[in-house]
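Heads up, the next two complexes both have chain A, just with different partners, chain B and then chain C.
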Partner chain A sequence: PPTHIITVNGKECINFASFNFLGLLENEKVKSTAQASLKKYGVGTCGPRGFYGTFDVHLELEERLAKFMRTEEAIIYSYGFATIASAIPAYSKRGDIVFVDEAACFAIQKGLQASRSNIKLFKHNDMTDLERLLKEQETEDQKNPRKARVTRRFIVVEGLYMNTGDICPLPELIKLKYKYKVRIFLEESLSFGVLGEHGRGVTEHFGINIDDIDLISANMENSLASIGGFCCGRSFIIDHQRLSGQGYCFSASLPPLLAAAAIEALNIMEDNPGIFQTLWAKCEWIHKSLQGISGLKVVGESFSPVLHLQLEESCGSRENDEKLLKRVVDYCMNGGIALTQARYLEKEEKCLPPPSIRLVVTVEQTKQELDRAASLLRKATQSILN
Partner chain B sequence: QKNGVSNGSLYKKTFIEHFEQAPMYVAVLTFLGFGVGTIFGYLRDFMRAWGLEKRNIATEREQQKDFVPLYQDFENFYTRNLYMRIRDNWNRPICSVPGPQFDLMERVTDDYNWTFRFTGRIIKNVINMGSYNYLGFAETDINALKTVTIELQKYGTGVCSTRQEMGTLDKHIELEKLVAKFLGVEDAMVFGMGFATNSMNIPALVGKGCLILSDELNHTSLVLGARLSGATIRIFKHNNMQSLEKLLRDAIIYGQPRSRRAWRKIIILVEGIYSMEGSIVRLPEIVSLKKKYKAYLYLDEAHSIGAVGATGRGVVEYFGMSPDDVDVLMGTFTKSFGAAGGYIAGKKDLVDFLRTHSHSAVYATSMCPPVAEQIIRAMKCLMGLDGTTQGLQRVRQLGKNTRYFRRRLHEMGFIIYGNDDSPVVPLLLYMPGKIGAFARRMLEKNIGVVVVGFPATPITESRARFCVSAAHTREMLDTVLNALDELGDFLHLKYSRYSKSSHPELYEETRFELED
Partner chain C sequence: MNVGVAHSEVNPNTRVMNSRGIWLAYVISVGVLHLVLLSIPFFSIPVVWTLTNVIHNLVMYLLLHTVKGTPFETPDQGKDRLLTHWEQIDYGMQCTSSRKFLSISPVVLYLLTSFYTKYDPVYFLINTASLLTVLLPKLPQFHGVRIFGVNKY
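Let's look at the complex of A and B:
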């Protein structure tokens, strides 16, 4: 089981690779709620939401999520990848314009591909580049005002980027939104349950009114230790997905035991808001202790639980970089720390990030374990990279 | 037309499918019904725009009123005016296991379906003719779920990682070996969601410069996967082999559209049982065509795995063919196995390629362990590996139930689509008014049915779809059939022009009164 101590190929290591931020995978309360739901409902739902696949647990989970995020409504999908990949094509069709960050994750790219809209990429977290693109679009609009009145415009950003560990500059984005009349879709897979005082994500972190964001989409597979995803926002927007979200209408609903587990995880998150502070403290600690390692640079914000370690100087080809990183990972695995290389499909990604090792900080790791990981990495780079 | 063609050497048993057309007056009345609905729709939109009628739907924020509107008014015309009237027949929430009988939560509406309110009462023991529970594995029997509870305690509920990173557990490896053994192929790979299996693996297998020939009535997941791959898509008429052959010949003769080069790959996408029609794919003919023109075959057995075939191994076994003939066998575990997820099976090279190149292996989380355990125990039961013959009994019971149900419906005079052996039974309703009336009255009689209309089906062919399950007993089926009989007379649904005699067939009589 992929919990705090994980057995990889027979060797026990401390898990720095699964996205189990709040340590809820091993939580006994979550497991017992899931057991109770298993006894009542069985495993599968045997049908899509429209045809007797809607259970009272689904409705309860949607209500709880909407209340937690303080929005009007929420909608649940049965798979995290499918959430954003079905939400984007439901609103943005052929002929609409979408401005998306270069470091967007693969699910967003697939959603954009399925929607067939015009896609404009802007440099990662670069607001001046985005403003330039928006101005260009404005001049285009003035040439053809009739068409401009019907083309919808969207910006798609992530709260915490999976590929770089950065946070998006949300206050500036809101200003741009009202200036150029563009709608914002925020994807919070990594930041839900991590940022913000109560774990509500980037909007709480920056103190922004949640109604300013048109759609927030997140997957429950990281902090909530379940499977599936959800979108939340105003009823005006979310209700449309009930008939036109492909992953919602044409696919079986989430198994009720996973929905019950998610409800229990939400309860735990609401009852102990202190775990977020602990998580941030641990993230800062490891960020500091990894700073001095020669040969590897740390990419990511100091409060982000996902850090990328990239090579400071690449040795020419991507393959050689990956081989070097693999040796570092193997060394750490032998030392009892389980890490992983960030995997990408090279031919399919629009902007391929450089090869890196991904380190995940969870609430369950103690300071000694964090120190042990840092020192092991130091030794690894010294022996392999020099 | 009735196809009773037995194709000599290709088909080992008779392949009977029915797609009867309704009499002309029915089509006229259907169009009339939609016309009246549309006129009223325009009238009400007009009244709403001028403030004569209250607007019930959610509206845009005040601060965002000058943004480009998110939805065009016309796109939602159908939803606002026609779908809203009968909306209470879908999304009905249940609060028990979706077995042969379930408990529905009662909901009422005060303002003509714009909002719903739960009264708090539960309608108990409604007969379930809508869930995809073909073999009856959606059960809460403690003994049956013993291994699942153990695994849940051991592994927890989530995985939090993708397949290629930390997400491959020993449970997944065990499940994949079992799936490969069940289907009789070399190797298999499992994914967390059935819809995502199609939409993430078809782009990995084909790309630009390839040709996809897909059936007219393929499921949205296949269409999405085909579109995401970037290959050229050509559509052939539903289950029509002449149309498919013509497309294949054109493809080989003319090549790619502008450069006239040969296609890199030609792949045929079909489903085992089509869920809206109940028809079974003509597999022997497709396989012979594929061998002749050297194309690849991708078979989506979402509904047919576990449901057809002598031991439940799907359409490949139903037609007596070998699984090596099909290049890519895909299926889902949601329908017959009572779990969630999908699989792709085939030769070892193919599956190894998918392990490295599939989008889901790299970016999407793997299947959750208790769900994997449920599939393992269901499959072991089906294969007989748990020491009982329960699996085989379930498959036989499903076959008996299907044949009985279809025969009785034919005798009563309803128009039923599809193959005689498919457990998906669409009953044609045609007129939009009858859709709502049928579903509501069946609920009053404590039977839950599924009705579908436009846009899932063509606009004139709305239908009610029954899913027969191995867990239904003879009494339950008889209750449903009697209710259908009454309702058919009341709503005038018995359109079939093939008159059935009211006395039973001669060979079914087991006792003869011999007159001396």
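Let's look at the complex of A and C:
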């Protein structure tokens, strides 16, 4: 697994590319629980949840996640990408309206495409733009109140955006939600297990009542070091996905060893809430040390474990930018730091972000390694970009 | 396509009227309605026939031309949410055998009713108006038409 030290092309490097935020991928307790589960259950479940594919570990994981996030119910999907891509079309159908951020990740875009609803994009983290769109929709609704009564309206945002490393302004969103009567779907793949005092995500970070958010969807593939994803919220909302979530009904369920590993990871998260402070401190440290690198600008919040390094001035074409960044990445790899460029399906993305190097901070990286990464990047940009 | 079997039909509403035995069930239920009305002692024969015709057309209008969408979730993200059952039959294909059956049965009932009411002018007016409410929405030109925006959303 892509743990703290990985071998890239035969060279041992420190991993700054995998989303292993809490370092639980090579945790001994998690590994031993997974191995015990493997001996007990075998590997796969050979069926979807509705057809002999439900094990006690699935139900336990759903209960534990619901209790951890302090919601009524949770539902597990067996593939992280499919979680939000199944959750959105389960509620939003043809004729409904979804307001979504421009920087939404690819999974959200595919979910919106599958839902066949009317999509209205608003500028990234721009609440005035969103309010303008909501007001326009309100005037349309007043012209045709009978149609408005049957259209559902949703806002889909991410807690921490993967494409930019920003945080969504959740308190303003809640105000807009109650003012214009829209439902909020929050995608917390990067912020679950990172933000908040106990790792509960962006709602705990802002101190917002979890009942204000209609649906929280998250990936277990980042902090929880498992595979799959979950959605949590009120029972009334989550129960609907048990029959309408296409990724839940028509895919084999999560292998029990991964569900057991996720439960163990949750235990570790609950037992040491101090790791979150450590992670934030490391994020702030690297954010500070990367400021002032000539040629590269740091995009992302100071407490975000995912940072994007974009070129300050583009070379003209995207290809040339990517080649330049590749040279920086290769230089760092020769120095023993494994970085990666953020990859996109260029033709399929709605709003393609500029090419960037994606740097991921984990709890396992020491200060010396962070400093080494920063100095290596400085040297790389000096030699390559100047 | 029976109850409880696995099928790949996107919208089962489209095939209900082609199900095995449904035409017979429809004829029998109209017969039962007529028998029930005949059993009421103080209705004369013309009144009973007129009532059968009117009640049959009223129920047909409500079920086929008023109620929209499906009572179950369909995998096509709500494509037929705004369509009545008549418009959903056979995925909107016109002049299929179920559509012909459902168009002809009110006409047959009307002919029988006008015979049994002895072509009386008052009954004629009532029965013809009732027949028109149920025949006009079945015309192919009226597919998806909502007059005055009634029942549009």
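Methods note: the second predicted complex is superposed on the first by the 385 of 386 C-alpha atoms of A that agree within 3 Å, B and C clash if a C-alpha of one lies under 4 Å from a C-alpha of the other, contacts with A are read in each partner's own complex, and residues count from 1 in each chain.
Everything that follows uses one rule, which is that a contact is a pair of C-beta atoms (placed from the backbone, for glycine too) under 8 Å apart; a residue touches a chain by one contact, two chains touch by 3 or more.
This is a predicted model, so every value here is computed, not measured.
Of the two partner chains placed by superposition, only chain B is touched by A:S78; chain C is not.
In the superposed model, A:L243 lies in contact with both chain B and chain C. Using the contact criterion defined above for the overlaid structures, shared-chain residue A:V150 touches chain B and also reaches chain C.
Between chain B and chain C, more residues of chain A are touched by B.
In the superposition on chain A, A:K323 contacts neither chain B nor chain C. In the superposed pair of complexes, A:V43 makes contact with chain B only, with no contact to chain C. When the two complexes are overlaid on their common chain A, residue A:S18 makes contact with chain B while staying clear of chain C. In the superposed pair of complexes, A:R94 makes contact with chain C only, with no contact to chain B.
Using the contact criterion defined above for the overlaid structures, shared-chain residue A:Q113 touches chain B, although it does not reach chain C. Applying the stated touch rule to the two superposed structures, the overlap between the chain B and chain C interfaces on chain A comprises residues 114, 149-150, 243, 246.
Taken in their complex, chain A has these residues touching chain B: 1-3, 6, 8, 15, 17-20, 24-27, 30-31, 34-35, 38-47, 49-56, 58-59, 72, 78-82, 85, 91, 105-107, 110, 113-114, 148-153, 178, 181, 183, 211, 221-222, 224-227, 234-237, 239-240, 242-243, 246-247, 250-252, 254-255, 257-258, 261, 338, 340, 343-345, 348, 358.
Residue ranges of chain B in contact with chain A, taken from their complex: 57-61, 63-64, 66-72, 79, 83, 90-99, 102, 105, 128, 130-133, 137-140, 142, 145, 148-149, 152-162, 164-167, 169, 192-196, 199-200, 203, 219-221, 224, 227-228, 332-335, 337-340, 357, 359-360, 362-365, 368-371, 374, 448, 450.
Contact residues on chain A toward chain C in their complex (touch as defined above): 89, 93-95, 114-117, 146-147, 149-150, 243-244, 246. Against chain A, in their complex, chain C makes its touches with residues 73, 75, 77-79, 81-82, 149, 152-153.
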